[in-house]
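All chains are identified by letter, namely A, B and C, in their written order; residue positions are counted from 1 within each chain.
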Amino acid sequence: MNPEPSQEASVAISAEPRAARAATPAVVMFVLLALAAYGSTYYLEQHSGGFKAQVAQPYPSVAFLKKYPPYGAADDPISAGKRVYETYCQICHQSTGLGLPGQFPPLAGSEWVVEGKPDRIIRIVLNGLSGPIEVKGVTYNGAMFAFKDMPLKDEDIANVLTYIRNTWGNKAPEVKPELVKAIRGEVSSRGLPWTSAELLKVPVE
Amino acid sequence: MSPTNENNAPATPQAIDASCRWPLLILFTGAAGWLLVSTALGFFATLKFHKPDLFANCPFFSYGRLVASSNGLLIYGFGVPAAMGAAMWIMARLSRAPLALGSFAAIAAHFWHAGVLILWVLLGFGGLTGHEWFEVPRGAAFVLFGSFIALALPVVLTLAARREKELYPSQWFILAAVFWFAWIFATACFVVHCQPASGLVQAAVQYWYGRNLVWVFFAFNTLAIVFYLLPKLVDAPLYSRELAGFTFWALLILGSLGGVPHGVPLPAWLGGVNGATAALLLVPVLAAAVNCHLTAFQHRQKLRGDTVASCTHIGMLFLVVGALTAAVLAVRPSFAPFNDWFGLTMFQPAVNKLLLQGFMVVTFFAAILHILPQVTGAAWPKPGLVKVQFAATTIGVVLSVVFLAIGGIRLGLMQQNLDGPPFEQIIESGLNFIRMATLGDLIMLLGHAALFANLAILSYRQCRACCAGCSDAVCSTKAAEVTA
Amino acid sequence: MNNALLIFLGMIAAFGASWCAMVGQTWRQLAAQQEVKIVGTEQRYPAPRGGLAERGAQVYRQEGCYYCHSQQVRASGYAFNLHLLKLPEPAAPGSEADKLTNEVIKAVLRVDPRRTVAEIRRALRSPPTTLAKLVDEERVANARKAFALAGADKALGVELVAVGPEIMRSLNTGWGGRETVALDYLHDDLVMPGSVRFGPDLANVGERKPLDTWHLAHLYAPASLASGSRMPPYPHLFKLQPEGARPTPGALRLGADAGIPKGYELVPTDHARALAAYLVSLQARANLFEARAPQSSAPQPDSGQ
């Protein structure tokens, strides 16, 4: 088909590089790659999370995550209380428990929180608080709304109060859900928030 | 795609060169110009570490926009046009056919450079995309994509019209690279700019795009150039065609599978696959290095003093070292505990610099230095500057990369110390390394300026010669297409 | 390999494989993700960021913040904390429950021989105490065996935690209580994980610096707030205007070291406000099935800055 290559053309052909044939190195490299690929399956077993979307580094598999379920899901009052606090209380009283000066009283180091019996603070949570209240020598004149109609169970209220009584340096006995239930029954007919004066009449020894 | 045209006689090298002249001149000169601008912008960016108030009142020159522009201009201003220029010429030469649609390619080259200008301007006004590997604002993306298709057509059509049945390895690499860029660019554009999916999918696609850009598009162009130049310079055949074939398929598959580093908030398997393939692609890279070594080692006397050969060698060296460091970064820390020393420190920009400013730029220099004198039929206006270009670029890259890498490892180690100094203090202690890297950038800038000077003068003389008299056979592309 | 068409077909296959594996599969998996409930609560996670914060993400992108700041907290590995939970009510001496308590005490002593019996009894009566921190899986298995033998599986709490230099141990160290995962960015149209840390990691900056005024001041004059900071200032995000009779609402009150001349006030633009809102919204600390937030004492964020 091609005409006899002219002198010019053969120069053109030979001016370009040629590739010699040597299959052995290619076979060696292919074997090397195959071995390395086999070895990489061990790496992938540990580090690819079973190719599931739910597995993030550094965990190896979904089965591993299920073997060690999230902590805090068990009955641990402080952690449970902390979660309630973060959902309902942190907005005002802050995650430091320091509140906001002039608006929301602190819970850290508050004498109201660490009383021997938690009757007063249970009432505050259930019905709310209005009017002036003195905490750590400072008077706050705000309002706290009632939580008794929120989707909070007795044990949630007990847990959050246990949490605030045992964090930020506070140390006080835990609050039992039965006590919350009893007090809820006592104040069920009360619609108004508490005032500081009324609360001070509730015994806490 | 077997040869079908009636005139099956292979074209002369002169005819092929003449058909490529204008597209290559436009592509390469523009590329050199953008490279200079990119390095200058990068240099200004590193200056901000020493004096944060520099240009503070000018949002166009804020740090983020400077780095984005620098990266964008390096990749799209220099990398792609230089790659396409070399691809056109090598494909034409190896196909023994003149470049198809030469004038069309020249116009497309102008459009490409216009697109890069639009890219720079849009980035300066805040059109960043949110990810460093795909900094292509929407306005520039369509211009660049259209121009790229227009630049790719001549390459593919030349291959289709080839007059030499046997394919040389460089042709495989170029064919793959050219299609690959179009496909990955289109995918990235679609996912980022049309936003059919959530932000995380965009981030994953951009990482994948970056990996394919470096390890398929740029690496394949680099290998095409090296496999073409080395045997030609030593006047000996490429050691093993089969080894080149192995490199082609292995690097294609492994280089494209991966991208997402470990630690990014994406499922763990993406980081795992990335680590595995990054380590595995050391094998095809080693194969390519072995191929080059065995081709050229016996004849190394012939290469002494040849700048093109030096660029080729240094480029391959940077490719191998770059592959090693990229693999080190990619494997997971639980497998390689030292990873915490490297990750998210200055080591990462050091590796990127080694890959882009290192193997990509230096190898493309080899191509430009070899191709342009042949294609224009003129010698370099300032041969001394060629040596300056090579030396300054290599020294600058090595200085910059080494100091950033050492600095990064040192900062990473300091951050491991749980009772150590606060973060700002740690970064401040790394300033000396950045200082040395800035010096390296300055030296690199010198090298790039040398290249641009040479290219600008060459282009100017070619343009003047052409305007002066089109009877000059050197000038006429149309004449060459007719005789071929 | 002389047949260009075959090579082309091979290329298509390779690209198809890469696309399906890396792009397609990722897309499918991420599209299937949905909001979950935070462990132990009814709260859904993640909450959408809200309009101002979403606009702030665009400002973050436009200013190129991701070239210095990352948004990925990474864990190097995992370990376990063992906790002694409270048993049901203390029992009468000699009862079954009391025998159980004794068995538990023996089990605890096997896990941690340094404790005294009195200490363990006290621990059992009051809220949970930590038995061991950052132990490996083998010790966990042994502890589980010991407690199972004692018949008190419920008294042992096993907490899986991520470890690494980036996981917060105290106020001044680490970038977050847990690693960031894909679920944290479920609602975001723009996720910018970054690739280098010349500045602090921002995935959890809303927990460390919860006030937008701090962020606004930091954007205008970083050096005045973080000594030795190399962050450039962003004055174009603010308006420096002469003071009127009364301060403009929203004007920042900064000191003299921020470089504001007398008689002028600094008003943040909408962009600055959006960016500050976005930064404050960056928090990744919810306890999830796939990313465990520490349940023991967590560090408190900065207050009053």
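The rule we apply is simple: contacts are C-beta pairs under 8 Å (C-beta built on N, C-alpha and C of every residue); 3 or more make two chains touch, one makes a residue touch a chain.
Everything quoted here is computed from the prediction, not taken from an experiment.
S.K.: Count the smallest number of chain-to-chain hops linking subunit A with subunit B, moving only between touching chains.
M.R.: 1
S.K.: Which chain is most central here if centres come from C-alpha coordinates alone?
M.R.: Of all chains shown, the one whose C-alpha centroid lies nearest the global centroid is C.
S.K.: Just list the two chains that share the greatest number of C-beta contact pairs.
M.R.: Looking across every pairing, the one with the most contacts is B-C.
S.K.: With chain centres taken as the means of their Cα atoms, state the distance from subunit A to subunit B in Å.
M.R.: The separation of the two C-alpha centroids amounts to 45 Å.
S.K.: So what's the Cα centroid distance for subunit A and subunit C, whole Å?
M.R.: One centre to the other, that is 8 Å.
S.K.: Could you please state the distance in Å, as a whole number, between where the Cα atoms of subunit B are centred and where those of subunit C are centred?
M.R.: 38
S.K.: Check each residue of subunit A and list the ones that touch at least two other chains.
M.R.: Subunit A, residues with two or more chain partners: 53-59.
S.K.: Spell out, as numbers or ranges, the residues of subunit B touching 2 or more other chains.
M.R.: Those would be 245, 262-263, 265, 267, 273, 333-334.
S.K.: Where in subunit C do residues touch two or more other chains at once?
M.R.: Residues 29-30, 74, 76-77, 164, 179, 181-182 of subunit C each touch two or more of the other chains.
S.K.: Inside the complex, what are the residues of subunit A that reach subunit C?
M.R.: Listed in rising order, the residues of subunit A that touch subunit C are 53-59, 65, 68-80, 82-83, 87, 94-96, 98, 151, 162, 166, 174.
S.K.: Any idea which subunit C residues touch subunit B in the complex?
M.R.: Per the touch definition, subunit C meets subunit B at residues 1-5, 7-8, 10-11, 14-15, 17-19, 21-23, 26-27, 29-31, 61-68, 70-72, 74, 76-77, 164-165, 169, 172-173, 179-182, 184-201, 203, 222-223, 226-236.
S.K.: Over in the complex, which subunit A residues touch subunit B? Could you list them?
M.R.: 1-3, 5-6, 8-9, 11-13, 15-23, 25-27, 29-30, 32-33, 36-37, 40, 43-44, 46-59
S.K.: Residues of subunit C touching subunit A in their complex?
M.R.: Residues 29-30, 32-33, 38-43, 74-78, 80-81, 83, 85-86, 126-128, 140, 154, 157-160, 162, 164, 179, 181-182, 287-292, 295, 300-301, 303.
S.K.: Okay, in this complex, where on subunit B does subunit A touch?
M.R.: Where subunit B meets subunit A, its residues are 8-13, 93-94, 96, 164, 168-169, 227-228, 230-232, 237-246, 250, 262-263, 265, 267-269, 271-273, 275-276, 279-280, 283-284, 286-287, 290-291, 294, 331-335.
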